[in-house]
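Everything on this sheet refers to the single structure shown next.
When the chains are written out, they are named A, B, C and D in that same order, and each has its own residue count from 1.
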Amino acid sequence: MDLSNVIQMFGNPLTALTLLPIFGAILLMLLHWLSNDQRREMLASPIRFVNFSLAILMFIMATSIGLQETFGLAWGEYLYQNCQTGEIIEGSCALIGSIGVSWHVGIDALSFPMVWLTTLLIPITMIVEWNAKKGAYFHSLLLLMEGALIGVFVSLDLFVFYVFWELTLIPMFFLILMWGGEDRRYAAQKFFIYTFAASVFMLAGILIMYFNNPADWSGNITNKSFDFVLMENSTGFIAAEGLRSVVFLLMLIGFATKLPSVPVHTWLPDAHVQAPTAGSMLLAGVMLKMGAYGFLRLGVTLFPEQLVEFQILLIVLGMVSLVYGAIVCLGQMNLKRMVAYSSVSHMGLIFLGIATLEPLGIAGAIFMMFAHGIISPLLFAVCGAFKHHYHTLEIGSMRGLAHHSPWMSAHMMVGWMGSLGLPLMAGFVAEVAVLIAFYMAFGWWVLLPAVTLIVTATYYLWSMQRTIFEGEGVAQLPPTMHGDKPRDITWHENTGMLILGVLAVVYGIYPDFFGMFEMMSNWASLLVENVLLEVRP
Amino acid sequence: MGEHSKPEWNLLVPVLAMVSFPFIRHLLGYNPIDSAFLIVAVPLAIFPVILIIGQQYKGEDWWKHQLKEGGIVALAGLAITLSLTIWLIIEFLVHHAHFGDQGAVFDWITFDNIASDNTLTESVLSFGIWVDSISLTVLFVAAFLCFLICWFAIGYMTTDPINEDRNHRFFAEFVLFSMGMFGMVLADSFLWLFIFWEIMGLCSYLLIGFYWEKPSAAAAAKKAFLTTRVGDVFLMVGLFMLYDLYHSLDFAVIFGDPTLGGTIHGEDLQWPIIMMFIGCVGKSAQFPLHVWLPDAMEGPTPVSALIHAATMVNAGLYLVARMFPIFSEASFEGALSDVAMLIAWIGGITAFMAALIAFVANDIKRVLAYSTMSQLAYIFTGLGAACWLANEGYQKYALFAFGAAMFHLFNHAMAKAMLFMSSGSVIHEMHHAHDHAHGDGDEGDHHHFDPQDMRNMGGLASKMPVTSTAMMLGSMSIIGIPLIGGFWSKEGIVGQAWNVYLKGGEMILFPAILVLATAGMTGFYMSRMWFMTFAGKPKSDVVEYVHEETQWIKTPLVTLSIVTAFSGFLLACGHFVYWLSDPASEKGSHFMTDFFKHPFEAILYELEHAFLPEDNTLKIVGWTAILLSAGLGPFIAARMHGGHLSEGERAVPLTSWLIRYSGSVGHTDVGELAEGGLATALHNRLYIDDAYEWIISKTLIPLSAISAWIDKNLVDGVIKRIECGSQWASTQIRQLTTGKASDYLLMAALGTLVVIAILWGVI
Amino acid sequence: MNLGTLFSGPDMASILMPEWILILGITAMIIVPNLGNATFRLPIPNTSIRIPYLLGGKRFSFTGDPRLPSAIAAFTLFASFITALLSQMIDSGVGVAEACISMTGAVNECAISDNYILRVDPFSRMMEMIFTAALLIAVIANMDRLPATSHKRLQLEVQEDPVAENRRLAKLLNNRRQVDFSLLVLMVALGMSTVALSTNLFSLFVGLELASMASYVLVSFHKETKIGPEAGVKYFIVGSVAGAVGLYGISMLYIWNGDLSIYGTGGLAEKWASEGPNGMAIIGLAMMLVAFGFKVSAVPFHFAAPDAYAGASGPVAGVLSTASKAMGFVALMRVLFGVTLGDGGNEWTILIGAVAAITMTWGNIAALGSKNPKRMLAYSSIAHAGYILAGIAAIGALGPGAGSELIATAIIFHLAVLVTFKIGAFLVVSLLECEGRGHEISHFHGLARRDPMIAIPMMIFMLALAGVPPLSGFLSKLMMVSGIISSTVGDVSGATLSDAFGSLSWVFWLAILIFINSAISIFYYLRICVVMFFEETDRSPRMSRAPMIRIAIMLCTMGAVVLGFGVLADVLAIAASDAAAALFS
Amino acid sequence: MIDPSWISGLGVFLFCIGLIGVFTRKNAIIVLMCVEIMLNAVNLNFVAGAYHYENIDGWVFAAFAIAIAAAEVAVGLAILLSLYSQRQTISLDEVSLLKH
């Protein structure tokens, strides 16, 4: 590892996207932490701006990557790779060469939307919680989170992938713990332990893959490499079918928990309810997508036969998540909890979409990741604002929100409508794509998810009726207000929500905006063409 | 208040200016079809403008009075769409253009499908414009009525203090709603039809819940959305099925060759059509998804006029009409006749049921709502008949039935919009009059007084000449008084329904009887409404203070009165029915031209075919319908609710004859009947709503509660149990560390023995 | 065993340099603090020159300085560490064992046929480095835990006030025992080094006893506290019984073979491979496993460990949980891999596997509810022993080969990085001990507010212990598990899931059990983090200064971070890999 | 010369005595003595082995073992003394402050 490699490493835009926020955040936190009290106060505001401008810089970088490329790539091609296959085997981009870990990043049509979404959401979360207490840490943690998330999406080395995967837990753990609600400690621990425990199974799967990666990397301890591209391109990767199934299932445990799918979803409501607004926005917006992303990247791409073999399992998982999640939503009295369960419900659609094995279904599932990544942060921003201004999340604790906080109600309505799959909003595109494919693959079973859409509409409308509307004569305020005058959202919150709302509509009307649906569908088609077509029943 | 309002014609200048928009486009070299997308785009662009500016500047004077809180902006936008629509129609008529599919305006999503030979084929779901006689008709209805209702709403909404500072929301949603309607009509694929369809659903939700602070309005909005959502979901499933068959949802593909090169059989299409029809049932408030419509009257009256008369409820009809080419595909013969019968049955049942409930409704808007349901059901019956005839190979009759049904759509929309606006006018004035009479301070009474209740009215004919005339004409059109509006179409529908029976569709007998009976019932309840409102003595002191006011309300009423009075006759005689069903046919291609050239022949021809069909049995049916609707129904209504006005009150000549008639036929008291079991059941809407509520409260709500419990205590409980269990195990296991060295030694010794035993045992 | 031959050649001097340094240090430790201006002179015969005796009398101010012994110990350990490291860096890559010392004291290239008593190879060097590093950190930290006060200051502090006087006396006592502590630490180091070097069971055992006995005293070193002697007694009684049992086992092996060399002609390994063990050998092996099991605190021989850790001071507990345990593993590996692996060696595989499974689960579950942070860390240490035992079991199931080497690499790597974060955690506790606390989890409350510079490292230690990436604890656990997995999945066949599961070796489930246990362990590690950051405390924000402990903590923190990811992790992994290769050669 | 197996048989006997003593006695000193007995059993084993194989190693080992035993006693007594000075007891059952 000589200097030129280092330069090459950091000269790569993806490397910069990953490491700049991480190191930036750590530096800023240290800077703030090491200063004395007086200087700390002075520094608070500049640090916040630096954080924010770094986040914006990241967004600009990601956007410019998107503007330069159309992402109509051939299968298995990654852009902006920092090193090629030969170099990986040689070990010239090695991180821990002795066990075959290299710094290998790349981006393709599957990861770009996620990266862009991450860079988009982080500044928005910062805006929404612009005045967070101890903002220097808060925003830095968000920035750290951004680096870790992008790292998950761009790393093509499974070791590094796993490291980033777990690294995302740490800032989120602290976000929940330090800025969360009343029961934050329980929620944070549960979140951490639950998802960690699940991802450990994924790690087991990764290790089996690692030892069956036929690409030899002579000169290290194991002669193996964690490189995903090598695995993807190798023939005879894991010969024993049964072992492939084992790996597939191990990884499914990890990804399904992250997604989350019933019955391993129960960390989510607690984490969401207790997390600060920005935390739950990111949690729902990007972190859940890690599960789907990982499943598509590793599970589907490397184990197509197993996908077919366990199709029924996926459908059952997806269907139960979808239906059961929606019904549980109906029984929730806590606004945020309801929204959290609605995420469970929507994530079920992703499994359904993938299980169809149709290009449309998979494209729909990917677009679901994206669309949900725009809409659910909006939902949580609204919930957070509600909690912030009304000090409660109880559905039905107040009436006539529209009277006191018209902007908040408007955003709530936009979010709710987007989430229940209203046409011309992003969620609908995904829903339609997934369900069409689902019908093509499984026929009448589509009635189950379709009827669930009614339940979805029911709980959303029900909660709106009990929050935004009614309250004729004397408007009813929650007792937690203690007679305070209710306010509308601040302009920070408003800005953030407005961006999200507008994007939700833009992507509903024109899903190809910024090439999104096109690239996703292209990726899905190539996946089907190259990988799934041979194994489809 | 009316007496203060000055004429505000000057405000209309920008609106009028907008009418020039098509001309400018024309001068710029565009043709109307290229501009058609603007019909959708303009309202879409105006929506956020009104909303955001309104929210920001709602208190400002210029916004409030110059722009009427956005009303003028909306009206201007709708003027553009209306003029573009007219431009389009002119192009269509004058140049005999057959537009059909106009290609994609933009590709929505592009993706691949796996073809049967395991290769990938590209598929596009795109938005494009589709123009033909049906869409033009419905588009015109929508654009024209939206424009007028907006005009009306400016008068209606902005003068009511309760709406102060939030009318921008109304107008924005109104415009968005119009966008949805225009888009749905113009869309060239089922998918985009559905998308706009849902947008309308959203707007209907927002507009019904306009008075969100009223719990009843909020509940009604929710109910409307959810009920239509039920239908929509099935419609969506229908779309999926269609897509699976055709790998496209474009009209061009599906109607171009419904058999897709012989690969698709009629049986395949049964379920898709039934599924889509369920969507129509929801949207057009047919049994059993009709429950939302009466409650939807919680919205402001212009909304009722817009959604529940003119536009949204027509969407379901439009969709069924769109599927007509599938029914008339020759190779599907007989395969889809059961589906057609289903459509007719739903129509028949709803028509009868709604008319029945309308008998006892006392709320003026609810009467109209039930009437709407009933009339839409007529159209469904007609479409069902048309589809059956088409599918069984009776093309000629099928086209006639189809044309009649669509014509009824036109007539009903015009009349019902006007009726709603008139009722709005009545309610508006009653409300103001009540405030005037009792003062604003009289809170308690204010709450008990219902300005919509017809039992508080009576004798308004002299106070509101324009309104009463308009309402009379509208009612006549709905009832089907010969030669006026709905008469032309209704006769066709009833006749063709019976025609199906004669042609071998025995199953239609029941709906056919029902629609025939409903004709008479329509005569009764519409007349009842008019008489209760305008004839007889005032039933409350409020009536004294009622008077008509601003031009904003009167102008559309007058316009529509004229349209209702004459359009039916004119269009019918201009072979509108034939033009609708098949513009390329001999009669259809002579739309209006025959009428201008040989008016008498045309009239005779139409009379002959409308209510004097060739078949003698049908003649009997036709005459029976006329007799029931124009004679018996109004007669009974007049006996029960009619009467002379108070002393010194005079109605205008246009309505005075009717009041005289009602006063001269005597009086029947039906008090006993009104308290009977049937009436109670009808008051309770035949307990259908209650049944739904009961079912939901007994199934979904407990299920959700149980699921939430399960999730908390079982699924998550397992986790918690593991946690508690491991804490317990930890305590137990640490008890073994007693702190005494001898115990440790003992444990170690046992361990040693075990170690030796294991090692020994293995060898 | 001719004493003269020990110094016969330069080879002996250079090859055992780290040990010589330790012996030198021990000697210096005995002599230097006693140097003084003793009036007695030694006359040199036949001359009039009289050499000053210099022992006793009034001590020189430099040699009498109570801070000197620690410095000597630290310097000795550091020098030993550095020489071991240098010898590795210079010679690494040459390959296997570099030099062997026979019974007769001859230093040779290691040949298969000869039997040796000591062997210097990458493995023994690596272990020496681990031992000396751990002890070095302990010594550094102990400078604050057992502070030495210069005599001058003590002189100045003479007070009338009885409380202050008592405090002064305590300080005086601390000064008095500086030498004892440092000496014992160096003894431990020497014993451990011997264990690492030994290829003869008896010398191995002597080294083990040397280190053990020194550590018994270290445990009960704070005899003025209530718990110190108690911990010492328990640890000593159980340990000495276990030692006796182990020695008896060795003696049985001697009766069986007549030679206690592991390798070489007539050695144990040869006989084991050629003839197979008889009952006597098996019982001997079992008894040795008991002794070593006590050292690594495997269930059910672990009971004294939590008590000992809780009673000992923080640095000592840190040594017990890292170096001492590593020594036990070295012995275990020498015996199990060296002696018994020759004939497939799976007599003990199931046994060790079962013990591993029970140990890790027991440790973790017991740690879950533990309220005393030191006991919690002790139980966590037991759990970690379980992980390593699982690796050993996997090696037993595999026999020698690449997979075994990988697991051995992982074990060595794990033992090495454990020095950073395990000791680090004990040092943080030790810092709290300095203010008389640290035996309740509530003493961690609000630590982040009181002293973030301690709380953050503690969090890093906890996360590293839990195995959260990218910290070194993760890498070590990952290598361990990957070794186990690599050995089990290679021969998996079968087209269906059930076939595959059926053909998975049982060792695979040990890997899964490690994962599950890691997940359980997160709970109690996180709890520490949580209370540090989020519980309120009424203590004043100032923590004791304890600069040396802080330095040691910083060292550990850096180690825990840099050894997890990147270049240094790479270097360490390669070194561990070399060591593992040497172990199996 | 007696057969080495007798010697080691005696060793087994001694070892068992020591072991039983360790488990049954609560007095730390007696336990310590029992450990010494066990170590003597070891010595006998080594001596027996040395006899049997006629090599010197066993003798050397025995000598070392005696040294180890001596050291152990020294260390043990020192620790026990410090315990006694704290608690005035050396009964193993009475020192159980540290537990669970």
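To be clear about the criterion, contacts are C-beta pairs under 8 Å (C-beta built on N, C-alpha and C of every residue); 3 or more make two chains touch, one makes a residue touch a chain.
Because the structure is predicted, anything quoted here is derived from the model rather than measured.
Shared contact partners of chain B and chain D comprise C. At the centre of the protein atoms shown, by the Cα-centroid criterion, sits A. Set against one another, B-C and C-D show the most C-beta pairs in contact at C-D.
Per-chain CA centroids place chain A at a distance of 64 Å from chain D.
If you average the CA atoms of chain B and of chain C, the two centres end up 82 Å from each other.
Chain C and chain D have Cα centroids lying 25 Å from one another.
If you average the CA atoms of chain A and of chain B, the two centres end up 40 Å from each other. The multi-chain contact residues of chain C, meaning those touching 2 or more other chains, are 233-234, 237, 241, 245, 306-307, 370, 523. Counting partner chains per residue, chain B has residues 734, 737, 739, 741, 745 touching two or more of them.
Contacting chain pairs (ordered by label): A-B, A-C, B-C, B-D, C-D. Interface residues of chain D facing chain B in the complex, by the touch rule stated above, are 19, 22-23, 26, 92-93, 95-100.
Residues of chain B that touch chain A in their complex: 55, 106-114, 118, 120, 123, 191, 194-199, 202, 205, 209, 212-215, 217-219, 221-222, 225-226, 229-230, 233-234, 236-237, 239-241, 243-244, 700-701, 703-709, 711, 715-716, 719.
Against chain A, in their complex, chain C makes its touches with residues 402, 405-406, 409, 452, 463, 466, 468-470, 474-475, 478-479, 481-482, 485-486, 489-490, 492-501, 503-504, 511-512, 515-516, 518-519, 522-523, 526-527, 530, 533-534, 565-567, 569-570, 573-574, 577. For chain A in complex with chain C, the touching residues are 1, 33, 94-99, 162-163, 166-167, 169-170, 173-174, 177-178, 185, 188-189, 192-193, 196-197, 200-201, 203-204, 207-208, 210-212, 221-222, 240-243, 245-246, 249, 309. The touching residues of chain C, when paired with chain B in their complex, are 233-234, 237-238, 241-242, 245, 277, 279, 282-283, 285-287, 289-290, 293-294, 299-301, 303-304, 306-307, 347-348, 350-351, 354, 362, 365-370, 520, 523.
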